[in-house]
Amino acid sequence: MYTPHTPDEIQAMLAAIGVPSLEALSSVPPGLEIKDKLGLPPALAESDAYAHIKALAERNGAARMISFLGAGAYRHYQPPAVPWFAMRSEFLTAYTPYQAEASQGSLQAIFEWQTYICLLTGMDVSNASLYDGATALVEGVIMALHAKARHRVIISRGVHPLYRAVLDTYAAGMGIEIIELPVGSDGLTDFSVLGSTPPQADCVVVQTPNFFGNIENTAAAAELARAADALTISVTAEALSLALLKTPRELGADIAVGEAQSFGLPVGYGGPYVGFIASTKEHVRRLPGRLVGETTDVDGRRAFVLTLQGREQHIRRELATSNICTNQALCALIATVYLATVGSKGLRAIASANVERARQLAQAVSAIPGFSIAHSSPFFNEFCLRTPSPAEDIAARLRERGILAGLPLSRFYPELTNMLLLCATELTTTEDIRLLTAELAKEHSRAVAAV
Amino acid sequence: MPQPADRKYTKEHEWVKFDGNNAVVGITEYAQSSLGDIVYVELPKPGSKVERSKPIGVVESVKAVSDIYAPVSGTVTEVNSAVEDDPAKVNVDPFGDGWLVKLTLAGAPDGDGLLEATAYDELVNSLSH
Amino acid sequence: MPLLLFERGAAGRGNDFVAAAPPVERHLDRALLRDELPLPDLAEIEVARHYTELSSRNFSVDRNFYPLGSCTMKYNPKLNEAVAAFSGFSDLHPFAPDEGAQGALRVLWDMQSMLTSLFGMTAFSLMPAAGAHGEITAMLMAKKHFKQIGESERATCLVPDTAHGTNPASASMVGYRVISIPSNARGRIDVAALKSKLDGSTAVCMMTNPNTLGLFEDDIIEITRAVHAAGGLMYYDGANANAIVGLTRPGDMGFDLLHLNLHKTFSVPHGGGGPGSGPVGANAKMAKYLPQPLVQRKADGSFALDFDQPDSIGPVRMFWSHFLAIVRAYAYIIVHGEDGLRRNSQLAVLNANYVRERVKDVLAVPYADFCRHEFVCSAETLKKETGVRALDIAKGLLDAGIHAPTMYWPHVVPECLMIEPTETETKETLDHFAATIHALVRQAYEDPASMQQLPLKTPVRRVDEAQVGRLANKAVGLRWRPPAAETK
């Protein structure tokens, strides 16, 4: 038991308070007591609990399969140094760093995260983290809303469908109109559909690389934004791409949002991950959540402290820039330790390996008759593969043989029944590619035989 | 500390100094002292119309944020950009260099709802005890 | 004094993490690529020393007592860490097919069921990432509900003046107008004042019970009845659930919606400010609006993600839950069972009342009733008599290796300290805390000027917040910048 009280101690404490029993002290008004058993399973001894949960972990066969799944959660190498240092008790069991004197470790780590995000995105300022890439997009949209007050968002259909679904949830409650830009047969956003006088909006949102894996023309998005008197928001779902590609800032974005799970966080059945948000300096006061700044203490030492708290919920209450309180501090720390551990050199090498493996994969699978790469646009580590028969069926059959053959796109784009989204990372081996190719070749034979 | 007698005051701790059809507005010594070190001031745009008792800006310190309310109705002619650049001026000289907004009045200089220096002084004394 | 990462390292340092790949220019046009990646290259030993040193500059539950009201800084069991690290969980992709994720889905299903029973609701969503996220989720559900029943004009949210700042912030994010209801002399919400604000525009009343003063809102049944009679919904902020788990249930009090903080009540570590997890519970009327997917149990006994919830508000984050945080809370619940959880709540209440008893003669306790899991006391008298404030007492505690309590909130108590010891602290720790408080108060009377110098022993002392605030408003000082290039 985690409570240390002995019976004698309980008696002594009750006597000090002047109450006869624990029951008397913690009683609730009549009618509110819990009368019956709640039906929870009986308490387990620690070793039994461990065994029980271990068995549940082992019942997730998909965790052991050869995986070509990306689509917003990426399987990357986690150097052992990363959890070794990031999960130290002094970081893991620390509280939010409101008391600067007691939290310089956490505060400096956040300052370093903020700096890394700025260096990666080319932006001037970044916050201390948000829940994930999808909610980071929502917060970016809210920033633009505060700047322009039009309640209208222009967003590419190439932005991750789950990010758009989350935006839709918030937009419904906040009275925001969403205008979608289509993705063409080239797998890229068509920025021309709104013509030369688009409706005025708060923001234009584009994801690059987009959900289909293709590198988008962010400059075209910025041009549309200018015509719409809107801010440009660039979304990054695969943060590793920032190591190689031109920064959102260079491409004309005002706000950069995204997901940093690729930096050392496990895919972990969906979370916790870590969202980032960064902007040019004119928007600093609109940034949501926590910000860490550098200052000095009374003795002149360098010190870090939470700042601009006037924007936040605990001071500004209903006029706060956002309601966010707890964020993803430890996940941001894991990402920061990852970036420190791999460095510029390592990050570029890992990103280059992703580019190379994805091309090897693309070459191998497109050589199978009946299969072809859907788009000719440049990609990072994901691409779409056209299949000879419905992708859902192919994926289901390959699952039975221990392979997760990417994501059938019909799940989110019902018109794309014969398309798979495939991802290769630095962890994808030649053997993995060979096995996938062999199994897909069988699918071709199957499709031919069915005709 | 006695409040400058050449101006009037509001219960929300703003001061207003009349000069013909014009007025200058700022916050009082008590306000700056309660807020603590001021880090940011948000002021209305020149040309905007303001209405008495409505918020026209914000003064933000490390631990608190406070609305600035218009003591009178009128049109903003000038704001103190020196204070936007260096908010500490409001702490150092709230009645002088730390002025915030200049405006032309909507109507005649109207003492309605405003406190004389002595009455405001009494208010401040009652709050400090 | 530790350097920043960006002040360390040298180009080319670092391990070979992957086999070398050809330059990407072979595959990608130069025009798509950035020119440089100005991140530091560090040898692993530099990373080791950097983070080990940073860790020594932090307070943490594993080292320090945190009597932080409304935060529930209880001990984080290491069993939780071990089970969250199983590769069967960490390597599981969220788009894994349901058949290949039965273990994870079982954990989520069990959590949904157990929380439903513990809190007296009909269904739970495990999706929200934190308490505030749960709050906005519930506000979105309320908004959709009123739209569906043709009462969209309902747009006010009643909130006690003692509420946590996230409450009004969440309400106004969905466009609700917030009305603050005063507390009475007993420290409870003023029921008459609340009733006077109920009308056809009332959408939601947000409360926590016990409230942030640590006092049980004994009129809660009357309140929920009145709000329902006016056509409004009752929302329970679960931040203070540590006082009631196993003893009473928000569902039985009449709440329609609630959120929990797994990183408070259910021992998931705070991580220096997250990640948390903020499950949202709903009663029969509101369950259909919960974010999708929920986990369902199919006729054949297997588990699946249910995306077929036509009245759901939709998802509130990109994947299904903070799964690895849920696993930790799951371990906590199953080693305790409902009897163990009830006992934890009782001991949390015992510890709080014991500390209250031991400090009340030097720091005034404004409310006569026994408290629940936390209590407030005031340094107002101390301030009047010596000029020493709650802030100075808090800084003095840091020198004793004790983290400051929650301060200056709720605003209804001047120079407020909110103290929540939690159930995992020993009597020795509580006695030491009380003794330290007594010593600090003594010092305040004997040498008040010395108190403003505290702390003396922490890695940094009081910091200049004004300087950084002024620069931060100009976007300066919020990141490291490379030193300016030398001009020729």
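The chains carry the letters A, B and C, assigned in the order they are written, with residues numbered from 1 in each.
Note that contacts are C-beta pairs under 8 Å (C-beta built on N, C-alpha and C of every residue); 3 or more make two chains touch, one makes a residue touch a chain.
Owing to the predicted nature of the structure, the values given are computational and were not obtained by experimental measurement.
Enquirer: Given the contact rule stated at the top, which pair of chains has the most C-beta pairs in contact?
Expert: Ranked by contacting C-beta pairs, first place goes to A-C.
Enquirer: Which chain has its C-alpha centroid farthest away from the centroid of subunit A?
Expert: The most distant chain relative to subunit A turns out to be B.
Enquirer: Please identify the chain lying most centrally, where each chain is represented by the average of its Cα atoms.
Expert: C
Enquirer: Where the centres are mean C-alpha positions, what is the separation of subunit A from subunit C, in Å?
Expert: The mean C-alpha positions of subunit A and subunit C differ by 20 Å.
Enquirer: Which whole number of Å gives the spacing of the CA centres of subunit A and subunit B?
Expert: 46
Enquirer: I'd like the Å distance between the centres of subunit B and subunit C, where a centre is the mean of that chain's Cα atoms.
Expert: 38
Enquirer: Which residues belonging to subunit B are in contact with no fewer than two other chains?
Expert: 39-40, 60-63
Enquirer: If I count partner chains per residue in subunit C, which residues reach a count of at least 2?
Expert: As it turns out, subunit C has residues touching two or more other chains at 465, 469, 472-473.
Enquirer: Where in subunit A do residues touch two or more other chains at once?
Expert: 285, 308, 315-316, 319
Enquirer: Would you pull the subunit C residues touching subunit B in the complex into a rising list?
Expert: Result: residues 408, 465-466, 469-470, 472-473 of subunit C touch subunit B.
Enquirer: Enumerate the contact residues on subunit A facing subunit B in the complex.
Expert: 285, 308-310, 315-316, 319
Enquirer: Sort out for me which residues of subunit B touch subunit A in the complex.
Expert: Subunit B reaches subunit A through residues 39-40, 60-65.
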